[in-house]
Every structure is written in C-alpha cells, then in structure tokens.
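The following blocks contain the structures, represented as structure tokens.
The same chain A turns up in both complexes below, where it pairs with chain B and then with chain C.
Up next, the complex of A and B:
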C-alpha cells in the first residue's frame, strides 16, 4: 500500500542550514533510507547522504531520526509514529560536511591512540591457543560496526565539545576492554584509560548501549568492567594488598 | 544520464572520480581512513563490508537506486579543510516520544524514598517490636538502643553500646550510611539519579542543561569509586539482617513461630542478598577481573551465574529498595499499635 510521507530533512553545511520538507511516496515495508533515496531521486539530486550495505552491517547510514541516533537502513517506517512527519538530521556530535554527512575523523584520531595488541613477553605473538570461554568474552566487542551512534549519543562530547581532546568515547572503551581482557595481551591499559582517555568522564547513563544496533552491552560488559579494573589498581585496598602479596610470592618463587 | 562526480579528498588517497549521481553514498567517503586502514575497513584493522560498487561486480558504483532515473550531473566538492562546525539545530531534542516520563517516575520514587527514610531514621521510635527489628535500625550500635534491646530475647549484644550515651541522635544514622552509600554509589542508581535528578542527561540525545562537565573524573564524583568498599560493608550488613530474619522466628513463647513480620524480614533479607550479589562489583570480584577464564573454571561458572543475575540488577535494585521501606513501615505500624501482626504458626 502506497502513501505520501512527509520528510523533514536538515539540509546545509558548516556555514548553516535548515529543515526542508519533502512529500515522498512511501510503500509498506520500507525503511527510512529507502525514502531518503526516493527524495534524492525525485526532488533533491544534490542531497548528500552516506550509505553502503543497506543491511545494518557497514555502519555508514547513521543519522538522527526523530531525534534518536539510528541507522537509516534499519529503521522501518512502520516503527515511527504514524501520520507525523519524519525528521532526519545529521549526527549532532560531529562537524557537518553537507546535509546528512558528517566528518567523523575524530573517531579515527582516537583509534590511533589505542595501543595495539602486545603479546606477553613469555608468550608467542601468534599462533597461541585460546579457549572458547576466553574468545567469547571479546567476541561481543568485535561485533562493532563502527556506526559511531554510541559516540554520537554520548553526552560527554555531544553536549560538551571541549571534552573531545581527552575523551575516547564508548566505541574505544570497548576496544580497550577487548584488549585488556585478551588472555595473551601483556600491556596494562587501565591507568592510560583512566588518566588520558577519559574513562572517568563516563557517568554510565547507558545511552551508548541503548543506541547500539549490534546490541553490544557497552556499559555493563566494557565500561563498568574497565572502571572496576581501574578500581583494582587505584582504589581498592584489599585487592592492592593481596596483589602485592601475590607479586611478592611470585618474585620469591622466581 | 549518469553524472560525473569529482572529489577532492583531504585524506591520503588520490582524488577519485565516480560515476552516478549518488553523491551521498560514494562521492563522500564513508569514513576518513587513517594510516593503515582502508575506507571500507574498521578502525581496529578488521575488514569492513567494502564499498557497494565493489560488492557487486559489473555494476557501476553509486547507481544503486537513482540509476534508473534520468538526472542531471551533480558535482560535489569536499571542502579543502575539514569542516569544523556542527549542524546548526536549535531545539534541545527532536525526540517525539515521551522521553521525560522515565526520569520523572524515577525521580518521584527516589525522592519519596529519601523523604521516608529520613523521617524514619530521625524518628528514633517504634523500630522494634518483639521479635521484629526494623532494617533501618539494625544493627543497633548505640547504647540508646536499650529500649529496643530490652524486649528482645537475643539482639546483637556484641554490637550494642559501641556508641555510648554521648550519641544522642537516632542510632539509625550510624548504620544507614552503609546501605545508603552502597546504593548511592551503585552503578545502576548512578544512572538513575544522573538522568532523573542531575539531568546529565535527562534522556539519550536530549541536551543537558549544564555548561561544564567533568563526570566522575574529578572531585567530588570521583568518590564514586568507593563503591567496592560499600559492597564489602554491605555484605556484612546483609549477614546481620539475615540474622534478624532468623530471629523473627523467635517469639516470646519460643522458637519456630512465624508471623507476617517474619515473612517481611525473610523476603527483605533475600532481596538484599540478590541485589548485592547481582552488583557489578561482585561480578567483577567473582570473575570479571580474570584474564584467563579457562584457567579458573569454578570462578568462570560463578561469574556466569552472577552475570545472569546482573542483567536483573535494575529490577532488583528497585524491588529491594521499596521492600526495605515497606518492611520498616510494617515494623513501625506493628510497634506503634496501628496494626496487629497476624501469626501463621
């Protein structure tokens, strides 16, 4: 069944912009990206939109639909309020290039700051045996498609641009967690994460988890886990005491 | 007619020429690659799904939807320098749903609890009726708990009197710091009150009203890291409240009797244990801190159990919070004579 859908798309660039209304023919079962493409084809050939796989796996078509950060290719029109205009804006946290396309290079700058996997001195770099239970733990974090929705929704940088230089963001907290939980990784990233990458800025309001299209439990399984690991090395006297004793025993043993 | 799109990429790639009018998808690169990464790759080096064109050999890039439409050529020039300004969108949020509902309900319940707990803690009366002791006043550490102790057959003798007659205010103040500290620093409650009371943020993608933000990286909120300490103390307190629940079977006519108050105290103790054991700190201590699950099979199994409980931590937090207040209220009503405790056996 076909019907007319009103789209409100933010159009402009870094110098300014505004909402433009389009009345687009929509069909049952369509997603937001479909009607954006129709708008492009029928009314606004110069509308800039980034997309790729149309299957929720490439993370390209991130935008804010009715104010909520989502993937356009995975948002069914039937899931939006019926009879109301659908508002589409670019990701608010990043500088806009044109229309719905933003400059997400901030994330790649942060990616470069993550120390790479570093095998423990007494372990081979590869290959090594990893058991399923150890693999499963970081497997969840490997599902990340880097759509940057978590980075976009995080209020630490969304509402406070000034925090960007010292805040890596949820996507990279899961990367740090993944490496820190790797059985063969020998680098200690806890203090680095707390002192230079802004783990302490996170106040665990779980918005990153809410918007993740891969349903990664970013807050529970990565951020809080890393906060607890930081507590181990910085704030817990009991763990510190037993850690020192264990280290002493190992030293005497060696 | 297919358009021709020329891009001036600011990255370390040569300028590319694309056909088609799909300016948005291919003309503007998916992401700006960094050294060692390709445009279609992930930031951690994993391969991405690849550009749409390359996934479909024989199909021209960028003609996915609009290729069937005859359109004029479109040229998009990427700005020479990186764009720095965000999209100028004035409203605080564009959300259409009732995003304010959840924080409003949360704030109402939290404030109601704080008001009730403060009143109950400072009341300093009606907290004991044999054999029930209100969880707000247990253990009684001050000597002014004497009137509570007098009627009991067994009440925490090693504890009572730790704070002498110089302690003039309600003895509840001494012990309440532990459960309140545990809940205040709890990861779930932090989310609840940061959203509902501190509005930081009120809901996802809703602009917060504060000008500056340092989160838990600086004083005073860096103190939240003491959660682990309150967890240890909370376990101790749970043990005492469990003993209180056992004591609730000990009526003046002997052991093995139970009333409605007994049921309240037992359920209260169970809920407090489940809330404490499902906590993120517990999950971490049990097994989360391990690098090798495979070398610690028992701890791995326990971690699995706590992780399952942890998924219900929010529900347990609310249920145990409300129930502890209801238990105090019940003991208070029975102690003041407003309600007669029904006896089961």
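Up next, the complex of A and C:
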C-alpha cells in the first residue's frame, strides 16, 4: 500500500526561506505529521516542527496544509487531493522561528491578561453546588486545546500586525465567555473584554469556527453571546442586528 | 560555533526550580510559590502541552459523591491491592486521604467537572476501584486539569521557561545547586542556580515502539536523578495499557480510555466471547463477577461484583496478549472492545466524545455502530525516583520528585485514575517541601561551579563534532524502540533480557557517536541525540531490574518465573549508577502499621 508522496515544506527562519521538495514513502492510514516525521528521519534531521500527543488532544502541531490552518496529526493523507504534492507552511499570523515552528508568545501574553476565575461571595469555597445544565456552556469552551488555529486564521490579526496589541482573538473570546458563563464566577470582565481585548473588532465571519479542531462554536456560542452581553457597555453595530435576531433565546447568568 | 568554554551562559537564580509542567510540575510550582519561594517552572514544550493533557478518564478521589460507602480506607485498599501490595504504604495512605481536597482545589480555581443530579462533582467507574470514584469531564479530564493548573500558575505570575530542556543537574558537594539546559529555540545554554529542584518530568515510554507516550517521554528526570546520585525504585514495573488502537498502523498505540469499559464496554475475542471471565486470578476472585449477567448488573448496582473487563490493567493486558497469541485475535492483531451493542449512541457520544472523534477521524470507525480493535500499548512506568513519602525528597539533598517520575506510590501496577490524583497530591507536597528545604538553607546556599556547567555544555555540543558518516539519532532511536518492544515488553524471559542488555551496549556506542546536521537553532535531530542518552540509561535500568526480579507481579511478567513469589513481595529492586555503570540491589519494602495492614486483608464484601 506504500506509495511515494511529494511534500513541499517551507524551510527557513526569520531572515527568509523557501519551499523544499521531499519525496517520502507514505502508507495507508497515515496523517501529515507521519510523513513530516519521515522527512526528518530520512532527509532533514534538523527540520523544525512542534508536536506532542499525535492524537488531536494537545494542539501542538498546527500548520497550514495546502493553505488551510489544520493540525498535522489529524489531517489524513487520504483526505487530501490524490496524486498532488502536499504543501506545508508555518502559521502565517505568527513570526517564524524556524521551518514550521512559529513564535506564538502573543497568545501567552493575552492569556496573562485574563483575570482569573474568582468564586462568588455567596458560594466562596469549593466544593461548589453547580448543575450539569449550568456548567455545560462553559464546558464547551474548555474543550479548547490551544492549537491557535483560530488565532491564525482570524483576519483581524492575520495580516494586520497593528491590531495585535488591542485584540485578544477568538481563543480568548471563548475564555472570557467561559468565565462569564461559569455558574459560580463572581467577576465581571465584560468592560475589559470590549475596551481592551478588542471584542468589537470581530465582524463574525466565522473563520475561527471553521478551523476549530474541537468543533467549538466559537462565533455563535461565545463571540455573539458576549457581544450581546457587553451591549450595555458599548455600542457595537453587529449586535444591533444579531441582538434582534436572537431576542427571546435563553439568556442566563450575569 | 563557539567552544563550550567560550560561551557565556544565561543565568538565573531561584529558590525552587521545577522541571516539567504537567500536572505534578504545575502543582509543585504553585505550592512552592504559595510557600513564598521564588519559583521557576521549566518545560520542554509549550505550556499546556505536557502529557497530562492526554489523560482521559479522571481523577480518583474518595469524595463519596455517588457511593456514601466510599472513603479513604477503601481507596487505600484498592490502590495497594491493585499495586500487588508493593506500593509504599505511606504514599498510598497520603494519596487516598488527600486526593479529595486536591480535586476541590481545582474546582476552587475554576475547573468544571461533570456533575451529579444534585450538583456535586460526578464520579465514574474504573478498573480496580470498588466504587465509582473518578472525577471527570467527559473523556478529557487531563485537559481540564492541566488548563486549570496552568491558568492558576499564570495568574500567580510564576516564571515559566517554555521549550527549554534540562540536560544536567548541578551539585555542590553532596547537595543540589542548580540545573543546566538549553533553549530549544536558539540552542543557547542556560544555568539555573537553585538549592531545591523538583523533578516532574513524567515517564519513559518513548523507548518502546508501540506506546501512548509523546516525544517528551524520554525518561529525562529518571536519568538526571541517576546521574545526580539518586536511586530509582522498581523500574521493572512498566504498565502496558490494555487498550491502545491497532489500526491503521500510523495510530498504533494511541490510547483508548479505560472509561470505555468503565461506562459499559466489553472485551471480546474473534469468537465473540467475553474472554476475561477465563482470566480472573485467585487474588481478585472474591470481588470479581463470574458471569456476564452479574457483571452487567454491577454498573447500576454495586452489590454485584465487578466485571472482569475492569480488572487492574496488568491482568487485562496479559489476557489480551494471550488471546492474540492463541489465535483468537482480531484481523489486525488485537481483540475487540465493544460498546456499540451495549450503550446508546447518545450515551457514547456524551460520555466518550473524544474517543468517538478519534476513531471516526483516524480509523474511519464509528464506535456507536461497530466494535473497536485494541491491543496493549506502553503507557506508564510505576518505577521511579526513590523519595521520602512525606516530603518527596530523594536521597540527594535538595532533589525532589513528584508524579510519574517518582517511584513507590503505585507498587507493581497503577490503577487508572490514580495518576492524576498522584500528580496533585505529591506535586503539592514536593513544592511545599522544596520551598521549606531551600528556606532552611538560608545563607548556606550551594554554589554552581563554572567547571560543571562547562562539562555539561561540552556533552551537549558533542553530536555536532561527530563524523556525518555515523548513524543519525532517528535511526538509533528506532533501533532502541525495537529492542525494548521485542525483548523488554509485556512478557519477559532471562534470555531475552540478557539479549536486550547486549543490544543496549551496542546502541550506547552508536548513540555516543551519532551525527547531527544543521545548527543549534530549533534542531530536533540534535535534541533527540541528547534525549537518547537518557533513554538508554533508563532502558538499561528497566532491563536490569527486570532481570533481577525473578517472579511475575503486576507490570512485570517473567515467562520463566510465571508466579508471584512471597519473598519478592517483601523486596524492592533499587537501581543506581556506580562509576557510571547501572547497578541493581534489593532493599526490604517498608511494611504498613497494623491498622492499615488490616484494611488490606478485609474481604471485598
């Protein structure tokens, strides 16, 4: 079942780079990460790539495969056009370190800016009494594996370096949403989210939702919901439209 | 490239340095920080990617949310019996007593576990646990745990050094004085000065071919400890998780959570028979169902006895191995794990969402409609750094270990769910005691010598100087994996272990001469070349310990000594480095006090 597959892998560093072609043996059931590993073992020992679990659970091996942000470990070769070279490039939104490895420290900076969970005064000490139906909305967002694909694909920052200081990105919008919908969180981060984290920049094109390997409904369940919740804080034209459409739908929490 | 002694090293000074940022490392760093120590947390990958993230099933803790009969004594008993009584009783006791508070603490920091109908943390059934005991979030509990701890550590402002590999511990006299490592990104060297170091580096599974472990699991902490003069305990005990994926070949070894069986899945051979009923050992007869009818009733009524599918992992892995060898395996050399015919699609998708997704996307198998094919996969090492059970300090002053890298807690076999709780309980203890130890040293802090840093730098740079005609690190790694898989696997014999030791000598020579291409900037070939050194000394430790223990017990099965031996029930095998050579000796196992020993003898029902 083995066959020869042509890979076009971008190789280089912050000073520049180019595509290098490798012809590697591919086997049934393999994913892109498998053939990248073979490339390392057979032809390019110093090919830089991040990976850990190889099971879609850690979010390390993010790259752009034929131009689409994806996890290399969850992209089966059989899902790509047969007989064609596979092009692999590093995430475009973040500065290249080397080959397929990028500097994703932007995300860790944004993580530091999120005020941590803080229990409500009427139930300050765990164990908390919380019901399944009340934790489920936040649980959806806590499925996030921090692969940064949503951040990578988001056009607010993909080609707009200047927006980065004022924009947390979809991954952190779901983090703010998760905390806001946590049944026992007592902090209000909505003003912060709108005024310094750039929620208003998002015009809900849903690109983030499309690339999420955990199938989290980032736009519908987190971003639009948060836009509605901050509506008292600041005017946002998108909410004006969607707020009307969603009127009457359940609205729980703060 | 500058010679090692011409390079100036980046230097940092801390009270406590924690190596590894999985559950144990994060919890240790939080504890050290909260104890007032200036704390650094170092990890080989990005923060939040450590192996803990892959843990699926849950955190074992006797919170008694579903079964009021549960308590720490029962958890202690289950843990010790699951470990074939070779656990350090004191660690098992502390673990069982403190696990519930460690779970509540996660909730305090924002974790959202699945709930019971009355709003408490839900608990699920797992192998070897008498009651439903595992706090969980679907089948992604490890992700919830690591994210909660990570967010806590970040909110506390703990300094994190991501993508930095420690290659050597530094000492001053007999005491720990620091650590030496390199930034993966730049290859530049870093020296940490610290009187207390916590190893939280996880396991060793990357030395086997079929494994659920990631590239990080190269036994760094085990090897660092050995080279620093610490002792390792019971390295022969390696857990092969019964259920790893087998098809397609690219995913062989990938974990299939025990929750599949905890939530009702059954093991079947090619004849459609629930073969586990033929493999109930005498030791567990009294507490194991002997008919499928009783087994199936157990899920809803704990007055029945537990299904044999949920025997401890060593028993199930050996049984599967035997079914396959006897010609009753599945088409790709495993057996079947069936939940499709036993639970509704809605239940399966709700309880096992990531298993559903994993099989659907990687194998094209819909687990709500067809059985899975599974076989054992190298998963966990019970052996590890010998530590004081209360403080987690090794025999080297200032060197602590917590989590998978530490030994003693799980005896000869770890129960599912006891790992995540282990990380929390002993991570916290290690962090607190490391901070306390460092503070007590006050003015007399051990010093880092420039010479020892230069030595470490020279070793690290050696692969660049080697002749390109030699083996590359990837091929040596593959050879190592073949040796350990074929000769130091689930079933062992003296002949094969000796063969493995001979092969490891050859591989050590090859590894010492591997050539790497490119430069020091983010160079995985170079990184692997350095990791190989650790993998080889740890693999030899496993093989030598396995040769020493002439009996079968838990995660160590000798075909030439198929029975458990009462003599060996009282012995630990200790590994240490003497003049650079791996040596083993026996050491009496500490015995529990009478009131705890009594708990172990009580009948299950």
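As a convention for this text, the second predicted complex is superposed on the first by the 230 of 254 C-alpha atoms of A that agree within 3 Å, B and C clash if a C-alpha of one lies under 4 Å from a C-alpha of the other, contacts with A are read in each partner's own complex, and residues count from 1 in each chain.
One rule holds for everything that comes next: contacts are C-beta pairs under 8 Å (C-beta built on N, C-alpha and C of every residue); 3 or more make two chains touch, one makes a residue touch a chain.
This one's a predicted model, so the numbers in the text were calculated from it and none came from an experiment.
Asks: Answer with clash or fit: chain B and chain C placed together on chain A by superposition.
Replies: Here the two partners, once superposed via chain A, clash with each other.
Asks: With both complexes superposed on chain A, which partner does A:60 reach: first (chain B), second (chain C), both or neither?
Replies: A:60 sits against chain B and chain C alike.
Asks: Is A:2 in contact with chain B, with chain C, with both, or with neither (first, second, both, neither)?
Replies: In the superposition, A:2 touches no partner, neither chain B nor chain C.
Asks: Per the overlay, which chain contacts more chain A residues, chain B or chain C?
Replies: Tallying touched residues of chain A, the top partner is B.
Asks: In the overlay, answer first, second, both or neither for which of chain B and chain C A:203 touches.
Replies: first
Asks: Which partner does A:48 reach: the first (chain B), the second (chain C), both, or neither?
Replies: Both partners, chain B and chain C.
Asks: Could you look at A:211 and tell me whether it touches chain B, chain C, both or neither (first, second, both, neither)?
Replies: Touch status of A:211: first partner only.
Asks: Of the partners chain B and chain C, which touch A:16 in the superposed model: first, second, both, neither?
Replies: It touches chain B, and chain C stays clear.
Asks: Touching A:125, do we find chain B (first), chain C (second), both, or neither?
Replies: In the superposition, A:125 contacts chain C only.
Asks: Between chain B and chain C, whom does A:138 touch in the aligned arrangement: first, second, both, or neither?
Replies: Second partner only.
Asks: Using the touch definition from the top, say if A:95 reaches chain B (first), chain C (second), both or neither.
Replies: First partner only.
Asks: Select, from 26-34, 98-106 or 152-160, the region of chain B that bumps into chain C once both structures are placed on the shared chain.
Replies: 26-34
Asks: From the superposed pair, tell me which chain A residues show up as contacts to chain B and also as contacts to chain C.
Replies: On chain A, the residues that contact chain B in one structure and chain C in the other are 13, 34, 40-41, 45-53, 57-58, 60, 97-99, 101, 104, 108, 111-112, 114, 131, 142, 144-146, 182, 185.
Asks: In the complex of these two chains, what residues of chain A are touching chain C?
Replies: The contact residues of chain A facing chain C are 13, 27-31, 34, 40-41, 44-60, 74, 76, 97-99, 101, 104, 108, 111-112, 114-117, 119, 125-132, 135, 138-139, 142-146, 179, 182, 185.
Asks: Which residues of chain C touch chain A in the complex?
Replies: 45-51, 53-54, 63, 104-105, 107-110, 112-115, 117-122, 137-138, 140, 142-144, 147, 151-152, 154-155, 162, 185, 214-216, 247-251, 254-255, 354, 357-358, 361-363, 472-475, 478, 516-519, 521-526
Asks: In their complex, what parts of chain B are in touch with chain A?
Replies: Contacts found on chain B: 21-25, 27-28, 30-35, 37, 40, 42-44, 46, 48-49, 51-52, 55, 64-66, 69, 71-72, 74, 76, 78-79, 82-89, 93-97, 187, 190-191, 194-195, 200-201, 204-205, 207-208, 210, 212-218, 221-222, 225-229, 232, 280-281, 284, 288-289, 291-294, 300, 310-311.
Asks: Under the touch definition given earlier, write down the residues of chain A that touch chain B in their complex.
Replies: Residues 10, 12-17, 34, 37-38, 40-42, 45-53, 57-58, 60, 64, 66-69, 81, 84, 87, 89-90, 92-105, 107-109, 111-112, 114, 131, 133-134, 137, 142, 144-146, 153, 155-156, 158-163, 171, 175, 181-183, 185, 198-207, 210-211, 220, 224-225, 227-232, 234-236, 238-239.
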